[in-house]
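One chain, chain A, appears in both complexes that follow, with chain B as partner in the first and chain C in the second.
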Partner chain A sequence: MVLEIGNRYILRRFFSGLLAFLLSITLTFFLLRSLPGDYMTDLLLEIGRYAPPELVASFKHEVGLDLPLPEQYLLYLTGILKGNWGHSFEYGLPVFSLIREKLYWTLVLLLPSSLLSAGLGMGFGAYSGWKNGSKTDAFLLHSLVFVGAVPSYCWGFAGLFIFSFRLGLLPFGGYVSLPGTEPAGLFRHALLPVLTLTLCSVPGIYYLMRNSMLDTLGEDYILAARARGFSESRILFQHALPNSILPVLTMTSLHCAHMLAGSVFIETIFAWPGLGLLTYSALETHDLPLLQGIFLVDTLLIIIANLTADLLYPLIDPRIRSRIRGE
Partner chain B sequence: MELIEIKSLKVTFPTEAGLVRSVDCVDLQLGAREKLGLIGETGSGKSVLAHATLRLLQPDALCEGEILYQGRNLLDCTPTELRRLRGRELALIPQNPSRALNPLQTVGKQLFETLRQAGYSKKEAVAKMPELLRSVGAIDPDSWAKAYPHECSGGMCERIVIALSLAFSPSLLLADEPTKGLDSLNRARIITLLGEVTENRALLFITHDLEAAALLCTRLALMYAGELVELGDKAAVFENPLHPYTRGLLFALPARGMQPIPGRSPPLTALPDGCRFHSRCPEAIARCRSQHPPLFDTGNGHFCRCWLYV
Partner chain C sequence: MNLKSFKFRILKENSLQPVRSWFCLLFILGLFLPACILPAGASVIPGDSSGDTCVSDEELASSILSYMEYSYLGKEEPHLSAEELSLAAHNFRHIPYGRVVIPVSSEGDFITPNIWYKMGVPTGSLIYEGLVTRNRDGNYDSWLAESWNSSKDAKVWTFRLKEAKWQDGEPVSSEDVKFTHDYLKDKKLKLAFVLNSVERVECPDARTAIFYLENPDPTFPDRLSHSPGIAIFPKHIWENVENPASYDEYASGDTHFIGSGPFRYKAAERGQYFLLEANEAYHGDSPYVKEVALKLIPDASSRLFALQSGEIDVLPEITPVEAEKLKGKDNIKVYNIPDATGYEIAFNCELFPTNDPLFRQALSHAVNRENASNTLGNAEPTETVFLLPDLAHDFVNPDCIRKYDYDIEKTRAIFKASDNFSVDSDGKVRYKNGDQIHLKIPLGGKAHMNRADEKILNAIKMDWEDKLGFDVEFEVVPKDIYLEEIGESPIFIDGMPGTMHDDVEDLNNFYRSPAGSNYYHYDNPKYNRLMEELKNTTDRDKRKEIGYRMQAVLAEDVPTIPVCSTGTLVAYRTDRFTGWESVMPLQAGILDKKVFLNIKPVSSQAS
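For the complex of A and B:
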């Protein structure tokens, strides 16, 4: 099937992804450098309320922050291409290995909540649209508007308050129980953050899916299928559902990638040692190389999500297959 | 007994602008092999009538009156009973054929699904498919079956939706503007095809194409703003049109001068007092403005809703 899509399409998508990547890391590079304050001044002020200028200057010289911006940028770009993402100011370790370790723990949260929220959001949305106007539809719509209107950290705190503080069922934070990282303990620790992340991204996917289902139900082929006496379940699963999922696909994949941003709050609240918590501390300390690395990974994840949707479309939609063949 | 008998059918839709009276007190009968042309401009209620017959209207539509199919009122049928009738007995050839096909499935898959619904086994359905496609004029049925709807031309889509409706061998075909948007060659072919496939069944041919109706149908019914304004044998209607609206439509034909009727039909939320056509009627008299005319029987099964024939 992939071969049928045509390598040109894949190449084109890949190159546009690469372009987006370069643009994005360039923007983050310059934006981060226009932030007020710097690592050494912050650190010294925290320790002793006084930052000797010569110390700050020598630190800047050591890490190359005294070079002209274009030169820094070029060094940064060539570094990335060579696989050298720099060293963290704070930890002194290579950024890449720091991120790799934390990314693993973030994915432990992100993958299950992506799958859960895509499944639940699409499922509820499709059902709600299909049963448009019913009591279930009204209930789902109103409750999910409410869920979506409350910020994620509030749900995080609410979860902690009820399940950990009041009921004592779940741990307050962290990721392992002593001794060791047995799966049951990990599950207990991950449960609340995963549920919170899911809860916050279900509404967005739900609205999209519900609207798309409503649009699809107005299509002539649904009416035509009814006129042929097909059962309602056949109409739903063979005709309405596949067609209404199509426009939701891109947004859902992006939604899942955007959870990464949401995970900054969630990981901070639940003290989950992932990329979100790392981002938070790197922002606090002005750890430029680490921030650059994190944003680079964020960008990559979003581009990968987008690319996945782009490559999925031709597999599902014959109209897009024809368009690609015609190109 | 008539195959289908529509008795004072009223269809209304509640909207924000008020109650839309799409179909108003329509009476129609159709015999077992009769071909009736239902003619009217957009918004005259002809498609709504067809959808009401199949009970395919949106749930908030209000239907009053009776639609008797072989003596059974369709408006009283349960959803399960309706499902058994739809397709099998009463088949719809929907408007906009290219949009009436699921864009994600091949033509073959949709035909197969429909044949399975019609009661064929998997083997029979596979065997029947090329035959069915050939019967609607496909020379190479296999390539048709492999095509997706977006790869088919307008004429091809029309043939495919006709094939889908024939999968069941229904006793009544409701064809909703099947010649719309086709070039003259394809239009002629579709008219011929519809004539062939309805040799042994009844046809309700909904159209604003008077000439196509004349070629296919034995009787014509003209609708204006939700109600019947003229009903009669094809020859009578064409040679001796009674209602000024019918006359206007005939004069609008390219062969008869191409004179369009001035003005536009009234909004269905605010229908005028008196005759609904009076504001556009060249022959309107004072009575037309104040009194709503009933459908007069002028003899020989020719009916007309006009005060000129009291």
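For the complex of A and C:
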């Protein structure tokens, strides 16, 4: 299959991904250092009015922030290559292990919610587009416009209020109950945040799928299929759906990568210690090594998602495959 | 795909049909309403008939007797049920019972992974102790120190330690005190600045630690006590840790979080909870509470839900708006810890026009402190000079109180007397050349918590603009550049913890040392001399007298206008634990050893 896509195509995509990665981490490195304030000054100002300059200077020296920027940059790059992402100022732990731990909990929410939202969004979108103008289409469209218009934290609160506070069916948040209390299990802990994330992601995928389906249905080959007397289900499953799903697949993979950092509201409301909450806390405390690490992971994941979509595309779409071969 | 037609299609297809949308909205609301209208699910300590929050032997005996008469003789209903009787016995015998659950807003509030970086440890930790901590009466509570004294020149401080044990059973010794000092400095840890003035620590015996200071410091115990203070750490654990900054105590097996305090580490799930249990071998009175759980709930609204549902037992540091929401709710009470933060309108005494003392005096009469306090909700106006009377007590010079009452006419009269300003027939104040006075005030410092600075400014702005004709503009700046901004601004609004207004030593904030300026760029040689004299004076009465003179100078020069002090609002469930209000912590939070040694369970629900 790889040979079918072409080695040159894969290599080109890989190198453009690498270039984007280098560019992104360089930008992140310099942008983070141009931010006003620093970890130690902030911390000392929490205690009193002054941040004794000698303490701030000694801290900067200790962590290498007093070195010239190009030198810091080189150290940063070599550190990444060696797998040394530094230690978090706030947590005192290696950045990599901290991110790995938090990423795990983010993925616990993200994977089921991505699958659910992709399935539901595509299913509803395809059905809505296929039944364009019907009562079901109108109902789905208006309901999902409403769902999409309400911010994710409102849905989060609503869920918490109803299912945890009023009905007491689900735990208040977190992924684990306090020892000695009735254990709720990971499923019950994760249910509300997963459903909230799903609810908030479905409308975007739904719109895309519905419009893609509408576009596909307007294509000549659908008209030709109808003229040739193909059954409606054959037209839907063999012609309309495979063609309309292509742009949605690409967007869905990117959407999932973006959700990694974007689930901060959900993680905050449900006390879910994932990457979003970690990003928020690192930004608040000016934890430079941690911020660098988080942005590095975000960049990597988005590039991987892009690369995956790029590689999937020719596998799914024979037109692109033949275009690549033609090159 | 053609992007233009794509967008057009979205618009066309998504155009809302109002009736259907309303139907959808009503449908969804209809789903939620039944849940919303369903009901959500002050007690005293059982056996405590006198209401003194203790169960005496008479009270317990009477309850047991009544219960036995009911059980064996069939007499009238007993005072207490069997469950309540058991709780009364727990409280009487001082056997820890129940679990109190407290929310924290970030992981850093559990306890930082390396405790050497934790601020406010002596008062703000239940595991670790310092030698002494200051209390609200202006005296000191002893923790690891049994007694202490200083040499006449306040350069040598001797602390006699209690017979205490670390939570792993090792005895606490003066070597631990010396180790803490040496370790902080050797490892260049940031808390070392608290002990900057200490030359060395000596241990003549296992229970005596002597601090030798480079300069006299009559308030040395205050320095050890809070903001941030110093806790004492076990040498036998930490001497083996080469790099405390990256030492992960969660992963340190049997040695994690060994302190000498009333609670010890029991369990933790990183990013979720931190569970402590009563240290029954504590050298003081052991706690009434068996367990304390710190639970991560980062979102404020979720914390409110959690308190109302009973998921947590106490909710510290709530806003006045949140306090209002909780009013009248079943089993919930809100109380105020006064004087958590003092607010002031501060001047840069080097910039024009605030370098004119008459300008500062005049504005002091143009601050309606009542109004400003009312806008903050839980604030009390203060007209003292920098020190808060409830915390600094008799160190506050009574002659300086109400020197600058709210009186716009007095403001105008002072401006009229100044060479730099004039007052027109409408009472508007102008510069001598007729220009309007324009004040640009940066906001965003510590006073910006709950936007208090903005509220205070809005309360006084009307007077300054409408009655005095000023043009007042304010801008919220990021906290990172706030310090730079106030260096260039004649006026700024500031807020500092009450612990920085509790001792005459805090008047050091206005001292201009040979080494550099102060926050207010204030420089009065007479004041500076008094401050130097104060630093070298150990006698309490003498210090008080010097303090009075310093406050008199400040009252004349007005480098800052004290406006009000706000408290910390705390909500708690009355059906679980009692005793929250009877002990006031020195600092703003409730995570205070004294508070947690005082609270007692009131019902079996606390388990």
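Note that the second predicted complex is superposed on the first by the 318 of 327 C-alpha atoms of A that agree within 3 Å, B and C clash if a C-alpha of one lies under 4 Å from a C-alpha of the other, contacts with A are read in each partner's own complex, and residues count from 1 in each chain.
Methods note: contacts are C-beta pairs under 8 Å (C-beta built on N, C-alpha and C of every residue); 3 or more make two chains touch, one makes a residue touch a chain.
Computed from a prediction, not measured in an experiment: that's the story for all the values here.
Superposition model on chain A: chain B and chain C are shown accommodated side by side without a clash.
Touch criterion met: A:Gly229 reaches chain B, while chain C stays clear of it. By the touch criterion defined above, A:Tyr221 reaches chain B but does not reach chain C.
Between chain B and chain C, it is C that contacts the larger number of residues in chain A. When the shared chain is aligned, no partner comes close enough to touch A:Phe14: not chain B, not chain C. For the combined arrangement built by superposing the two complexes, chain A sits at the apex of an angle of 150 degrees to chain B and chain C, based on C-alpha centres and given in steps of 10. After overlaying the two complexes on the shared chain, residue contacts for A:Ser322 are found with chain B alone; chain C is out of touch. In the superposition on chain A, no contact is made by A:Tyr73 with either chain B or chain C.
In the superposition on chain A, contact of A:Pro242 is made with chain B only, not with chain C. The overlay of the two complexes leaves chain B and chain C separated by a minimum Cα distance of 13 Å. Once both structures are placed on chain A, no chain A residue is touched by chain B and, in the other complex, by chain C. Residues 133, 219-221, 223-231, 234, 238-239, 242-243, 246, 316-319, 322 of chain A are the ones that touch chain B when the two sit in their complex.
Within the complex, the chain C residues that touch chain A are 1, 5-6, 9-10, 13-14, 16-17, 20-21, 24-25, 28, 32, 35-36, 38, 40-41, 99, 101, 106-108, 112-114, 117, 119, 188, 190, 193, 227-228, 245-248, 267, 269-273, 275, 291, 293, 295-299, 301-302, 305-306, 308-309, 311, 446, 478-481, 483, 496, 500, 509, 519. Of all the residues in chain B, the ones that touch chain A in their complex are 51, 54, 56, 59, 82-88, 91-92, 94-96, 99-106, 113-114, 117, 148, 150-151, 161, 164-165, 167-168.
Note for the complex: chain A touches chain C at residues 35-37, 40, 42-50, 52, 55, 58-59, 62, 87, 90-94, 101-102, 105, 132, 138-139, 141-143, 145-146, 157-158, 160-162, 164-168, 172-176, 178-180, 207, 210-212, 214-215, 247, 268-271, 273, 277, 281, 285.
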